[in-house]
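Note that chain A is present in both complexes that follow, paired respectively with chain B and with chain C.
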Partner chain A sequence: MIKIENLSVAFDGTEVVKNVNLEITDGEILGIVGESGSGKSVTALTLMGLVSETAEVTSGRIVVDDCVLREAGKPVDKKLYRTMQGDNMSMIFQEPMTSLNPTQKVGKQVGEMLKLHTVLTKEEIKAKVLETFEAVGLRNPELVYNCYPHQLSGGMRQRVMIAMAVILHPDLVVADEPTTALDVSIQNQIVALLKDINTKENNSMIFITHDLNLARRICDRVAVMKDGRIVELGATEDIFLRPQESYTKNLMEAVPSRLKRRVSAMKNADNKEPIVQVKDLSVFYEDRGSNPFAKKVRKCIVKNATFDIYKGESLGLVGESGCGKTTLSKAILGMNMITTGEVIQTTVRPQMIFQDPYSSLNPSKTIGWLLQEPLRARGILDPSQKMTKADMEAAAYEMLKRVGLEEKYFTRKPSQLSGGQRQRISIGQALITRPGLIVADEPVSALDVTVQAQIMELMQNLQQEMELSYLFISHDINVVYKMCDRIMVMKEGQILEIGETEEIFAHPQNEYTQTLFRDSL
Partner chain B sequence: MKYFVKKIITLIMTLFLVSVAAFLAFQVIPGDVVTSILGTEAPPEREEQLREELGLNKPPVVRYMRWASGVIKGDFGRSYRYSKNMNEMMPVKELIGDKLPVTLWLAALSLILIVLVSIPLGVLWARSTNRFVDAALNCITQVSMAVPSFFLGVLVTYLFGIVFHLFAPGGYISYHDNFKGFLGYLLFPALSIAIPKIAMTARFLRNSMLTEMKSDYVRTAYSKGCSKRRVMYGHVLRNAMMPVVTFLGMIIAEIVAGSIVVEQVFGLPGIGRLLISSINTRDFPVTEILILYITFVVIFVYFLVDILYRVIDPRISEK
Partner chain C sequence: MKKSSIWKNKYLLIGLFMTGLCLLLGILGLFWTPYEPTKISAAERFVGPSLKHLFGTDNFGRDIFSRVMKGLSATIVIGTSVVLFSATMGILLGALTGYFGGIVDEIVMRITDALNGFPSILLALVLISIFGNGKQNVILALGLVFIPSYVRIVRSEFIRLRDADFIKRARLMGVSKVRILFVHILPNIFSVFWVSVMIGFNNAILAESGMSYLGIGVQPPDASLGKMLSDAQGYLQRAPWFALSSGLTIVWLVLGFALLSEGVQRMNNN
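Up next, the complex of A and B:
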C-alpha cells in the first residue's frame, strides 16, 4: 500500500503540488486526470523519486508499506530509492522513442532491470527478458531482443517499455500518458494490455492522462487535479456521471463525446456550392535516397482521391498516422509535389492551421508581425494586392479582435502566450488573407480539453461569420464528430468512405471504419 | 561495399578538382619562378633557357596534363628550388618523404594527448557537482583556448626547456639518428598543439553530456534504479560522444595538415614549413603535391569519422 500524505512540491519557491493526499490500495488502477500544468506528472515523479533535483518537498511524506520513502525537510535517501525503483515501483513514460536509449539494443535495456536488482546469470536474464517480451505481446521476441529502438514501431516500443516496467513484478506501476503518442488502434491494444497485466499481477497502477474518455475506460478510481491540488477524488463512474465540483463539471462538459448532440454549421444543406473539387488526384513522392546517380523511385502516397468540399462546410479527414492525410492536404494547398489529376479551386489560396502552436510560430517576431506576414507574402507574389503598412496593421488589429485576443498582444512575442492563445494567432494568420478554405491539420490535438473546446467554438463561430470551409484533419474521432458536417476516412492513401457525420457514425460501411470508430469509443 | 566505392569516387573527384584549382591559382598569382631563382639582373637568354628546362614555355593545359599524368604514374616531379646535387634537382617525393614523418608523428602524438586527456576530463567535469571545480575548469579551459599556439609554444619551451631542462630547445633530433630522442623532443610541440584542443574538446564533451542528461532515456534509466555513475557511463557517454567525434575529426584534419606555426617555433623540419617556403619561392611542384596531401588527409579523416559514427550510432547505417 502506498500513501502520499499532505505532499507539497515546489520549484524555486513556487508550489506546483499542494497538499496532495492519495492512497493507492493493492490491485487498483487509480487515474490522475487534469490539464497540463496541473501537477499530475510532478506528483508521480516525486513518488518515483525522479523529480529533478531543483524540486523541493515542502510538506508531507510518501510512505510505501510502512517505510517512509520521502519526508519534507529530510534529504532524499537515494540508495533506498534505488533499491525500490524498478523492483517495487516502475514507470512507463509517454514517448517510448525518446524514453529508450537510442544506442542500446532494447533487450539489453530491459535486461538491465534484472542486472540491477537480481543475481541472475547472463543466460537467465536473456531467457527472462524473452519470456516477458512474449507476455507483453511482442511477436518474435528473439528478433526484438536484438533491435535498436528506432527499428521498432511505436506500439512495439511501448510494449518494450511495459516489459521493462513489469519484468520484476513491482507492486506499483506508474503510467504517465502511456498512449498519448500512439495511434488510436494501438492505443487500445496498449490500454488492454495494461489492464490485463493489472488483473493478472494484481499490482496497483497509477494512470496519468489528460484524456478523460481513456481514464473512464481503465480506472477504478479517479483523482482530478487542478493547479497542484486534488479537486475531486472518487470512483470513476461517480466522477463522470455525478461530478460534485464545478471544475470537474466544466472539465466533463468540455470532453468531446458522441453522447452530446452535434450542431451542424451548414445552414441550408440543399444549396451546395463546391469550393474545391478534387478529381482523381494521386500524389507521389520521388526518392532516390542519398545516391545522386540512382534512378528516382516514385512512391504513391495518395491514390485516386475524388471529392468536393462545399462552401461553409467542415469536412473531417480521419485515418492513422502515415495514411496520407497530410500529403493530401498539402496537395490541395498546392505545395509543390508531383500529382496527377485535378484540384479545382474557386477561391483565393487556402491557408493552413498547424498542430503545434509552440513550434509553428517564429519565436523571434511579435504577434503583430506574424499576423501581417501572410499579407506581405501575398503582396510580393502579386504586386497588385500590395497593401500599405497602415492597412496591414489595421487588418492585424482587426484579426486579433476576431480571434478573441486583446490589442495589447500585438507587440508581444509567442513565448509570452499560452498554447490556446498561440493557436488563436495561428488561426488569425490563416484567416487574414480571407481564404474560402482553411486546412486545419490536427489544430486542437496539442491543447488541453477546456482550451480545445474554446478553440473549436472559435473555429465554428468564425465559420459562421466568414462563410468558411474547413478541411479538418484529426486522429481524434470525437473531435471530428463535434466539428464536422461530413467525414472522409483514409487508409493507406485511399479514401475508403465519405459521408454525412451522423450517417457514417450510425452505419459505417467499411470494416476499417467500423473498427476505427469502435476503438475510439 | 557500395558505400566504400562511393567514398573512393568522391575522393578522386575532389583531388582532381583541388589540383586544377591549385594549378590555376599558380597561374593567377603574381611572381615568376624564373625571376625568383635567377634574380632580376639575369640575362634574358639565361631566363629563356631555364624556362625551357622547367617546361614553362608550354601552354598551361599542356603543362597541367604533363604534371597530372606524371602524378598518376607515381612521378611527382622535381622541385624548382631544392637541388639534390650540383646538376640534379630534388624529386618532390624525396623532399616530402623526408619531412612527412615529422609532421605525422607530431600529429599522432598531439592526437593521443588530446584524446587521453580531454575525454576523461570532460566526463569528470560533467559529473562534478562541486561549484569550485566547475568554476576552476571553466576558467582554465577558457584561458587555454584563448592563448595563441605560438605563444603557448614559447611558454612550453621556456617552462619545460629552460626551467625544467626536460628538453633542449632548438635541439631537434632527427628520427634517423635516435627515434626515442625524436619522440621525446616532439612531445613538447605536441603539447602546445594539444592544450587548446584539449580545452575545447573537454568543454564540448561536458556540454554534450549535460544536454544528454536531460533526455527522456536518462529518466528511464534512473527509474530502473541506476546510480548516477551507471547512467553516465552506461547510457549517456556513448550518446554524448557523437558530436564530439565530429569535432575531433575536424581537429585531426587541422593537425595532420600541418601545424605550421608550432613547427616554426620548435624548429621542426615538417611539411608546414616546407609549404610556406615553397609558396614563397613559387615552387609549383612541391606546393601542388602538398595541397593534394592536405586535401587527401582531410577527406580521409572525415571518412574515418563517418565510419566511427556508424559504429557509435546504430541509427545511421540503417538509412
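Up next, the complex of A and C:
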C-alpha cells in the first residue's frame, strides 16, 4: 500500500504540487487526470524519486508499506530508492523511443533489470526475458530479443517498456501517458495489456493521462488535478457521471464523446454544391534511398481516391498514422508533385492548419505581421487585389477579434502566447483571405481538453459565419464525430468507406471501420 | 529581453567595453591622431612611455600610440569588410543550397569542403600571391577564405527551417520563394548567425595581423598592428613597449570580441 500524505513539491520556490493526498491499495488502478501543467507528472515522478534535483519537497511524505520513502525537510535516500525502483515500483513513459537506449539490443536492456536486482545466471535471465516478452504479447520473442529499438514499431517498443517495468513483478507500476504516442488500435491493445497485467499480478497501478475517455476505460478510481491540487477524487463512474466540483463538471463537458448529441455547423444541408472534386486520384513518392546513384523507386501512397467536399461541410478523414491521410490532403492543396487523376477546385488557395501550434507560426514575427502576410502575398501575386497598409491592418484587427483574441496581442510575438491562442492565430491566418476550404491536420490533438473544446467551437462558429468547408484529419474518433458531417475512413492509401457521420457510426460497413470505432469507445 | 539581465551578463558588458574602446580609437584614428603617425624624428628614437608619448616611440621616433590608432582603424576596416563580404556570400549560398538542396547543394558543399581542407592563412597567402599585395586584395583573399564557415551555418539552419510548419503555410499562402528565403526564414537564423559573425570578425583580425606580420598585408609606411609587431621583434630588449603596445592591442581586441560573442550567446540562450 502506498500513501502520499500532504505532499507539496516546489521548483525555485513555486509550488507545482500542493498538499496532495493519495492512497493506492493493492490491485487497484488509480487514474490521475488533468490538463498540462496540473502537476500530475511531477506527483508521479516525486513518488518514483525521479523528479529533478532542483525540485524540493516542501511538505508531506511518501510512505510505502510503512516505510517512509521521502519526507519534507529530509535529504533523498538514494540507496533506499534504488532498491525500491524496479523491485517494488517501476515506471512506463510516454515516448518508448527515447526511453530505450538506441545502441543496445532490447533483450539486453530488459535483462539489465534482472542483472541488477536478482542473482540469476545469464541463461536464466534470458529465459525470463523471453517469458516476459511472451506475456506482454510480443510474438516471436526470440527475434525481438535481438532487435534494436529502431527496428521495432511504436507499439512493440511500448510492449518492451512494459516488459521492463513488470519483469520484477513490482507492487506498483506508474504509467505516465503510456499510449499517447500510439495509434488508436495499438493504444487499445496496450490498455488491455496493462489491465490484464493488473488483474494477473494484483499489483497497483497509477495511470496518468490527459485523455479522459481512456481513464474512464481503465481506472477504478480517478483523481482530477488542477494547478497542483487534487480537485476531486472518487470512483471512476461517479466522477464521470456525477462530478461535484465545477472544474470537473467543465472538464467532463469539454470531453468530446459520441454519447453526447452532435450539432452540425452546416448551414444548408440539402444544398450540396461540391467545392472540391477528387477523381481517381493517386499520389506517388519517388525515392532513391540512401544511394544517390540508384534509380528512383516510385511508391504509391494514395490509391485511386474519389470523393467530393461540399460547400459548408466538414469532411472527417480518419485512419492510422502512415495510411496516407496527410499525403492525400497535401495533394488536394497541390503540394505534391507526382499525382495521377484529377482534383477540381472551385476555391482559391485553400489553407491548412497544423497540429503543433508551436511550429506553425513564424517565431520572429509579430502576430499583426503574421495575420497580414497572406494579404500581402495575395497582393504580390495578383496586383488587382492589392490592399493598402491601413486596410490590411484593419483586416488583421478584425480577424484577431473574430478568433476571440484581444487587440493587445497584435504587437506580440508567438512565444508570448499559449498553445490555444497560437492555434487561434493559425486559424485566423488561414482564414484572412477567405479561402473557402481549410485542411485541418489534427488541429486540436496537441491541446488540452478544455482548450480543445474552445478551438472546436471557434472552428464551428467560423464555419457557419463564413460558410467554410473543412477537411478535418484526426486520429481521435470522438473529435471527428463532434466536428464532422461526413466521415471518410482510410487504410493503406485506400478509401475504405465514406458516409454521413451518424450513418457510418451506427452501421459501419467495413470490418476495419468497425474495429476502429469499437477501439475508440 | 529584460534590462536587468543585460546588466547581469558580465561577458556582454566587458566585451562591449573592450571592443567599444577599440572601435572608438580606430574610428577616431581615421580622422585624427595625436601625432602624424608617419612623421620620423631622429631625436626621439626609442622614447619610453610618458604622458607626451603614451606608448612611447619606435625605431624611427614615430609616436606608437598614433600608429596603434592607425593600425586599429586599418584592422577594423579590413575585418569589417571581410566579414561583410564573406557573411553576405555565406547567407546567399547557404540559403540557396539549404533551401533547395539537390545537385547545386552537392557541388557548392564539395567546393566548401575542399576550401576547408586548407589552413585559412595558407589559402589566403596563395590568393595574395595571385592577386598581388594591397589592402583590397587582403580583403578579397580573406573574404573568400572565410565564406565556407558561413555557408555551413546558414545552410544547416535553412535545412532545419525549410520544412517547418510555418514555412509550409507560407508556401500555401502563395508567398514567393525569395520572400520565404529572406523574409520568413532569414530573421530566424540571426541569433545563431550573430555569434558566428563575431567569431568570424575575430578570425579575420587575427588573419590580417598574421599576414601583415609576414609582410604581405598592409604595406609600409601605412601602420598595421601585425607589421608593427614584426618590426618590434628586433628591439624586444631595448624597447619592450614597442612590441607590447601592438601585441596587447591585438589581444585586447580579440578577447573583447570573444567575450562579446559569448555574451550574445548567453543572451540568446535565456
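Assume the second predicted complex is superposed on the first by the 514 of 521 C-alpha atoms of A that agree within 3 Å, B and C clash if a C-alpha of one lies under 4 Å from a C-alpha of the other, contacts with A are read in each partner's own complex, and residues count from 1 in each chain.
Convention: a contact is a pair of C-beta atoms (placed from the backbone, for glycine too) under 8 Å apart; a residue touches a chain by one contact, two chains touch by 3 or more.
What you see is a predicted model; the values in this text were computed from it and never measured.
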item: Touched partner set for A:Tyr481, first chain B, second chain C, both or neither; value: neither
item: Partner chain in contact with A:Met164 - chain B first, chain C second, else both or neither; value: first
item: First, second, both or neither for A:Phe354, with chain B first and chain C second; value: second
item: Partner chain(s) touched by A:Tyr148 [first = chain B, second = chain C, both, neither]; value: first
item: Which of chain B and chain C A:Met84 touches, first, second, both or neither; value: first
item: A:His117 touches, of chain B and chain C: first, second, both or neither?; value: first
item: Chain A residues touched by each partner, larger count belonging to chain B or chain C; value: B
item: Partner chain(s) touched by A:Phe517 [first = chain B, second = chain C, both, neither]; value: neither
item: Residues of chain A that lie at the interface with chain B and also at the interface with chain C; value: none
item: Chain A residues touching chain B - in the complex, by the definition given at the top; value: 48-50, 78, 81-87, 90-91, 93, 95, 98-104, 112-113, 116-117, 148, 150-151, 161, 164, 289-291
item: Of chain C, residues touching chain A in the complex; value: 164-166, 168-176, 179, 184, 187-188, 190
item: Contact footprint of chain C on chain A as seen in their complex; value: 333, 335, 349-352, 354, 356, 359-365, 373-374, 377-378, 380-381, 426, 429-430, 433
item: Interface residues, chain B side, partner chain A - complex; value: 6, 215-217, 219-227, 234-235, 238-239, 312-315, 318-319
